[in-house]
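Shared between the two complexes below is chain A, which has chain B as its partner in the first and chain C in the second.
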Partner chain A sequence: MSAQNDIKSAQSVKDEMLSAYPTKTARKRQKQFVVNEPEQEPRQEIQANVRTLPGIITQRGCSYAGCKGVVLGPTRNILNITHGPIGCGFYSWLTRRNQTRPESETDDNFMTYCLSTDMQDENIIFGGEKKLKKAIEEAVDIFHPKAVGVFSTCPIGLIGDDVHAVSREMSEKTGANVFGFSCEGYKGVSQSAGHHIANNQLFKHVVGKGTTCPKGKFKVAMLGEYNIGGDAFALEELFTKCGITLVATFSGNSTYEQFASAHLADLVVVMCHRSINYVADMIEKKYGVPWFKVNFIGAEASAKSLRKIADYFEDAELKKKVERVIAEEMEKVKAELAVIRPRVEGKTAMLFVGGSRAHHYQELFKEMGMKVLAAGYEFAHRDDYEGRVVIPDIKVDADSRNIEELHVEPHPSEFRARKTKEQLDAMAAKGFEFRDYKGMMPEMDAGTLVIDDINHFETELIIEKYKPDIFCAGIKEKYVIQKMGMPLKQLHNYDYGGPYASFEGAINFYRDVERMLNTRVWKHIRAPWHKQEPLAAVFINETN
Partner chain B sequence: MLLRHTPKDIKEREALTINPAKTCQPIGAMYAALGIHNCLPHSHGSQGCCSYHRSMLTRHFKEPVMATTSSFTEGSAVFGGQANLLTSVENIFSLYKPDVIAVHTTCLSETIGDDIVQIIAKAAEEGKIPADKYIIHANTPSYIGSHVTGFANMVKSMVKYFSLTTGVKDNKVNIIPGWVEPSDMREIKRLAVEMGVASIMFPDTSETMDRPQNGQFDMYGTGGTTIDELRATGDSLATLALGHDASVPAGELLNAKCKVKLYELDIPVGLAATDRFIKTLSEAAGVAVPESIERERGRLVDILTDNEQYFYNKRVALYGDPDQLVPLCEFLVDIGMQPVYVVTGTPGKYFDERMAEVLKGVPGAKFRQGAQADMFLLHQWIKNEPVDLLIGNTWGKYISRDENIPLIRFGFPIMDRVGHSYFPNVGYMGAIRLVEKLLNALLDERDRKAPEEKFELTF
Partner chain C sequence: MQGALRKNFVSTRNPCKLCAPLGAALVFKGIEGAVPLLHGSQGCSTYIRRYLISHFREPVDIASSNFSEETAIFGGEKNLAAALANIATQYHPDVIGIATTCLSETIGEDMAGILRNIPEDSLNGAPVLVHVSTPSYAGSHAEGFWAATRAVVRRLADRKNVPERPNQINIFPGICSPADLRYLKEIVADFGLSAVFLPDYSQTMDGPGWPEYRALPAGGTSVKEIASMSSSAASLTLGRIACVAQEQTAGEFLRYGSAVAHHPLGMPVGIRETDEFMRVLEKISGTSLTEKYLYERGRLTDAMVDGHKYVFEKKAFVYGEEDLVLGLATFLSEIGIIPVLCASGGKSGHLRRLLAERIPELQGRIETADDEDFAGIAESAKRLRPDILIGNSKGYHIARQLDVPLIRVGFPVHDRIGAQRILHYGYRGALELYDRIVNALLDKKQDDSQVGYSYL
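Moving on to the complex of A and B:
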């Protein structure tokens, strides 16, 4: 089909979808559903980071999930206490597959523990601050942590518990660095608000406190990598091979100390743009460390990202080493693709997940020769779709306004410009981009669907219309889609596989997807007696 | 060590819960509502609640768990969630066409004080509820009770909204199964059929939470108690409420509302609880126990007498919900085991009373309920004096690995193994399965640990 035909038929799918909606719902959804035309001028807009329509069956979670679950979840030596009724702590207890590797048998690792103030009705009526103080005291007494995070759940804001004041008081009393997060579930419109709240607090209370970091010639801090299924392990290994020192990862396989010393890195790279790009901006402004976007999902993307890091440091030895590693890794990747690609080429995929994954994973499908028909994010913003160029045009609505924007100034003593203005200009002249992200839409084909905050109704509709070979989403969608007789690849928890980052991860992903597409199990859905030709059945009856 | 910070030394805690043996009410309400035919559970609160509950139920059942949310924002938290619920109702009936929307509240909407009855009335007034479609609701504040309370509250709402008396008694027996698996519900229904008793089970998640793969996604599955059946519960001869916490409140309401005789029973886990269930069912329906059931019972007792030596004096630690723990511990005691440590986060004196009675012959047995009766405490007890076996949900695998104790997965949630939704734990057949699991765990351990010269071929 030509691109023009693709666009036309996609438009008719959109029309059909809108016609099923109540008027108000249709009006809102139409702006979040774009038939992609990347060449169009002026650039297409998509509405994102807006309220989910009640009752629609969204994939989204809440601010608490983004704050406690996503950002702070993977850090092993900050003791997390959920302040609220028991559920939120319970559901976020080890359920996100963040792996961690303490340096020794005795090093702190609190990730296996779920701590909660387990608020009861009397705490809701009379306030929960007293209980929270006591809980922090008991927790410090048992675990002796360096740092404690306190996470507010929905009722906390309503009953007026001041978690920040309590945290300050308890910091003094216990000697641990205690800080609070106002990440009540109703804040913002999705997990994204929670990421922001988490990162702001880490920036305020932790980043910059450290005075030492691992030694190395090329010191990098990686932001927005959460070590699902060991992704951060794979990247640590890759960086070590190249002679690059990872000073800190936000927040996969991370520690409090890493966050505290992140500002000592000489470069910040950003994996998941959505969850953390603003921290990169703040580190640059306060400490003088430049940043750019990388992507280690996909072999080609990994190679490109490594090269860019090497280019940044302008060191011939590093460039050579990086090229050597890439050559070595690509050989393995190519060997694998030679086997896999013929078995999956031309198959189609849809990706509806996260705030960067729906974009990043398109790289892997491309490498396998598969076609992406539709994609969208669960909680991303317009810049993740359209690129950072759109940031000045994004209207701050009421839901975003209640998420604090930190005002950052250069640090009086710790600011150290890693590159002079002349150096930066020279690099820019050669086409080196900082603070860059082009977004998902420009990289998708004309006529593909881009849908923000997709809901169940739309999911069913586009699957019926396009019949993709594989659908990528999360646990809530997993068995819904599979009941339709097709595989769903989970891109939050990787279906308990992974890692998928770096070259090694790309190979894992190719193999997993190939297996899912070609496994025999889907062939057993219809019972043999339904496959029987009617004539044969008649024949048997007659002979009887 | 995965739980390297758990000290042997036990200090009493007043405010902090660590590694809870319970979760919050709304997830129970959601699970119960999934046992109504063509029903869409709706979570009235922030969208994270719904997402968390759907995720956890999905991990446990490996099935579609369809539910909607009011998606509160800060504005709704301040001004109330009426507008969000009304929009939800409109979207749900337009797009997903359920017969019933089962609304449960959350800590957020409860703290605000949203009046769901009034909002439902407003939805009706505005013509947002199509003919023959229903909205029911249960108040499920997360800061009271536990997930079991939420389940109980939603089951109670089924009675409140639907049960009717026509004045003519039906020859049926209601069975409220409690928080059990679809497999258990299926097994209890089979036992009723075997007994020749016509029954109405509610809720009933068989065929909603254990659906076949047929290449067709069906929003609600074919199972669930229908509205007609729920209505008819008011005319039944009797109600068997299985489980004090999850089922009795609905049974009591049905008795008060429609004068249906209530029998309070344990969930039929193990021999004695199944005996009581069968005996009561025979009494309530006025039927004799058929020989086929007697033979099932005989097979269970046979496996027990064949293997009694392996159970004797084995020390067991358990965590979970009172309704399951009480009959399970009773069964363990009956077969010679020693349930020495038992905790549940679900609060209530009932657990203490029943456990005191069940465990009175077990020397040194400790049991505890409530906020600080958590898996952290249980682990500390184990560190002080070890056990041979651990029984509970998936989270126990961390204790199991650190302490080198086999874990039998039982309860909710089980996120890392399958089988629970297909093979029952209830009834005599369920007890045989439990015995098989106990034996496998104990004998595998014996095989693994035996010195070479003591390694045995046959047991």
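Moving on to the complex of A and C:
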């Protein structure tokens, strides 16, 4: 099947999909739907990070979910208080399957708590600041946290409670570092806005406050790793094996102290580009710590990322150690692949998830010899699809303008350029890239589908057309896909499996996916199209 | 002492309730061809979908009108119109159930006015639009559930007062499992009656695989059936607290408007409540309990005799929606377990009185904690030392701390499979609960034993 045929059949799916919408909706939607042609000049554009159309059942969550649930959710010792009616706090309570591992039994671990001001009628009418103050006061009395985060929900912005003023006042009164987040659910177009709000506040109120950090020759801060299924633990172990010191993780299994001392690292690496790349930029500008993108999803990608870190430090000993670890780990990976690959080779997958995951996980499928037919993000921006090269061209619309952009200057005393201009130039001459991310589309085959903010209706249509062997998304999509006789791999919470990061994680993933694909369960509920030809073949026959 | 601990705290710490639009969405999922739409930020739909999906393990589509900052300022009329148009073209629904969230409620959307401007016949397929007001700062998911039940009946039931269907009854079953609904249907059919359930998510939230793709799952009560509720012989509302706490239940609405007799009952959990439920069905149908149910009841009482030595005087904590708590506590009192704490995040103000009324024999031995959270429940546990917890998954942490069994019932149960098949109602439900409770206590006894007897 040639790329030309793939492109044609993908185009026909796109046309069919759009024809189901009212004209106005179709016009908007078609820009978020690209039949990938990576070689095309000029580069293909996709529309992303725009509002979801009302009534289209989206995968997306809200700003509050991104701020409180995603970014601040997996920290251990910042106490989070949701300011609002009860639902938001309840739904973001211990559901993302982030893991925490306090160093001792007496260390704080607030992740299992859900605190809410549980606003009632009278608070909505007369204002909730008083209640919030009391809630902060009692939370500090009970838990004695170093820091408290206060999260605004939809009604809070509307009734005009000033969470920032309350937080300032309570900081002074209680001695804890209390800071607020204006992450009302209607802000921005997806949880991405919430990530930004969360990260901005952490940068403003926490980063830079620390004066000490773990000792080590190679100090790294890892941004955009949320420790789903223990990923961050796997990476902590991997780094330790290599002799790399992890100073801070944003924000899986993180602590207030780690955030506060992140600027003391000598290198920042970014896992999830979408949720946090701007923080890497700000740390670099203010403190002089360079950053680049890494990916520890996939064995090859993990090896590549480790090597890049070793190259950055330009230390022969570290390079040797890293090579030794890679060799050791790859041996195990290869042994596993030798068993798994023959069982899954040639099978097809689709990934619609996250702001990086839909890209990162393609690495693992490639290693297994599987083909990705379609992918898209839930809340990413154009640079996550097309690469950072498009950042200057991205139009800032009203929704993005509402999210604060911090203005950052080099810190008068704490700025310390980790590499001199000459060193950086020399590295660049050798092809070493900083602030790099090429995006998902250039790495996908011609004729694959790239769909931004896919909705329920479209999901079902492309499944019917392409009949992939596995679909990757989240719990909301899981059962509708499985009703149709096809496995869905949850990439938000890993179906309670994992970790999937690093070499060890890759092996876990191969095994889990192979089992999912080949379990006998599917044989009992054969899909109705099982005997039909897949779409591309039908298309070729028709055109003949 | 009752509820005193809780009152010392301003914040809710580990809540024992969910929000109102979730309850409303669940009701809409029990109507054939209905799509729930939450008027507000998209996060509400996403969060609520996730919670319903992880409990029922079924697809749950809930649309949103996707408020942006601008919408929050200028109002959501345009968004709602667009949402309705898009849902109508994609899903061809019979009904779109609109629940207003905290956001649209706080800005004071004039829903009646907005909906007047969007005539149903302007939408593809002319779906019926039902609106229910569900700000979550005024009630929990239970209130949202009952409010939606009432709103649907008010909107869809015919305005007649001719009891044309002497064999038809209406059942407002409350928040229960698909298995409960299926069992209720079986019972009603065995009495030679037909019943209109609102909601009926017995199939939509616990269905088989799909031979072909469906935009909307099969099942649910049809618009036509709901219209006919005003011609039924009687309505049964299963929830004593729901009946007294609401200004007007759907059942009362039908009684006033269409002269349909209304029987406010308890959730049929345990023997006494099921007996009352059966008695009402006997009366309406004019037939007596068949042998099948006499045997079911007989097996239940026989099991109670068999197992009483394992359970009597055990202390249980029961928590969840107020009506479920009332039902479970009644049942526990029947089997010799003392529900030493009856807790709920709900705050109708009726729980204590009804517990006293329904379980007079345990007067002074039951503490009531309404408007309670799990932190409060955990504090009470230090004092009351329960042997067992009975409620949803969110009590797991307390059970783990206390090292006592947790019997998972109600909603949400998202750490076990089969939540949609947990049977709470009727003699059969009581028997299942009984076996689970006794066996959990035996498990614990066995595990804790030094010897490890395999003969208990």
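Keep this in mind: the second predicted complex is superposed on the first by the 525 of 544 C-alpha atoms of A that agree within 3 Å, B and C clash if a C-alpha of one lies under 4 Å from a C-alpha of the other, contacts with A are read in each partner's own complex, and residues count from 1 in each chain.
Here is the rule we use: contacts are C-beta pairs under 8 Å (C-beta built on N, C-alpha and C of every residue); 3 or more make two chains touch, one makes a residue touch a chain.
Please read all numbers here as calculations on a predicted model, not as lab measurements.
Trainee: Under the superposition described at the top, does placing chain B and chain C together on chain A give a clash or a fit?
Mentor: Pair status: clash.
Trainee: Examine A:391 and indicate which partner it touches, taking first as chain B and second as chain C; both and neither are also allowed.
Mentor: Neither chain B nor chain C is touched by A:391.
Trainee: For A:64 in the superposed arrangement: first (chain B), second (chain C), both or neither?
Mentor: Once the two structures are laid over each other on A, A:64 reaches both partners.
Trainee: Could you look at A:478 and tell me whether it touches chain B, chain C, both or neither (first, second, both, neither)?
Mentor: In the superposition, A:478 touches chain B and chain C alike.
Trainee: Between chain B (first) and chain C (second), which does A:3 come into contact with in this model arrangement: first, second, both, or neither?
Mentor: Neither partner.
Trainee: Between chain B and chain C, whom does A:22 touch in the aligned arrangement: first, second, both, or neither?
Mentor: both
Trainee: Check the residue A:143 against both partner chains and state whether it touches chain B (first), chain C (second), both, or neither.
Mentor: first
Trainee: Between chain B and chain C, whom does A:424 touch in the aligned arrangement: first, second, both, or neither?
Mentor: Neither chain B nor chain C is touched by A:424.
Trainee: Is A:110 in contact with chain B, with chain C, with both, or with neither (first, second, both, neither)?
Mentor: In the superposed model, A:110 contacts chain B only, not chain C.
Trainee: Show which residues of chain A both chain B and chain C reach, each in its own complex.
Mentor: In chain A, residues 20-22, 25, 51-65, 81, 84-93, 95, 112-121, 123-124, 131, 134-135, 138-139, 153-155, 157-159, 184-187, 189-190, 398-399, 402, 456-457, 460, 475-476, 478-480, 482-485, 525 are touched by chain B and also by chain C.
Trainee: Please name which positions on chain C make contact with chain A in the complex.
Mentor: Touching chain A from chain C are residues 9-15, 17-22, 37, 40-51, 53-54, 57-72, 79-80, 82-87, 89-91, 101-103, 105-107, 135-138, 140, 207, 209-213, 215, 345, 397.
Trainee: Any idea which chain A residues touch chain B in the complex?
Mentor: 20-22, 24-25, 51-65, 81, 84-95, 105-106, 108-110, 112-121, 123-124, 131-132, 134-135, 138-139, 141-143, 153-155, 157-159, 184-190, 398-399, 402, 456-457, 460, 474-476, 478-485, 525-526
Trainee: Going by the contact rule set out above, which residues of chain B touch chain A in the complex?
Mentor: 1-5, 7, 11, 13-20, 22-24, 26-27, 42, 45-49, 51-56, 58-59, 62-77, 84-85, 87-92, 94-96, 106-108, 111-112, 141-144, 146, 211, 213-218, 345, 371, 376, 395, 398, 415
Trainee: Taking the touch rule as given, give the residues of chain A at its contact with chain C in the complex, in rising order.
Mentor: 20-22, 25, 51-65, 81, 84-93, 95, 112-121, 123-124, 131, 134-135, 138-139, 153-155, 157-159, 184-187, 189-191, 398-399, 402, 456-457, 460, 463-464, 475-476, 478-480, 482-485, 525, 528
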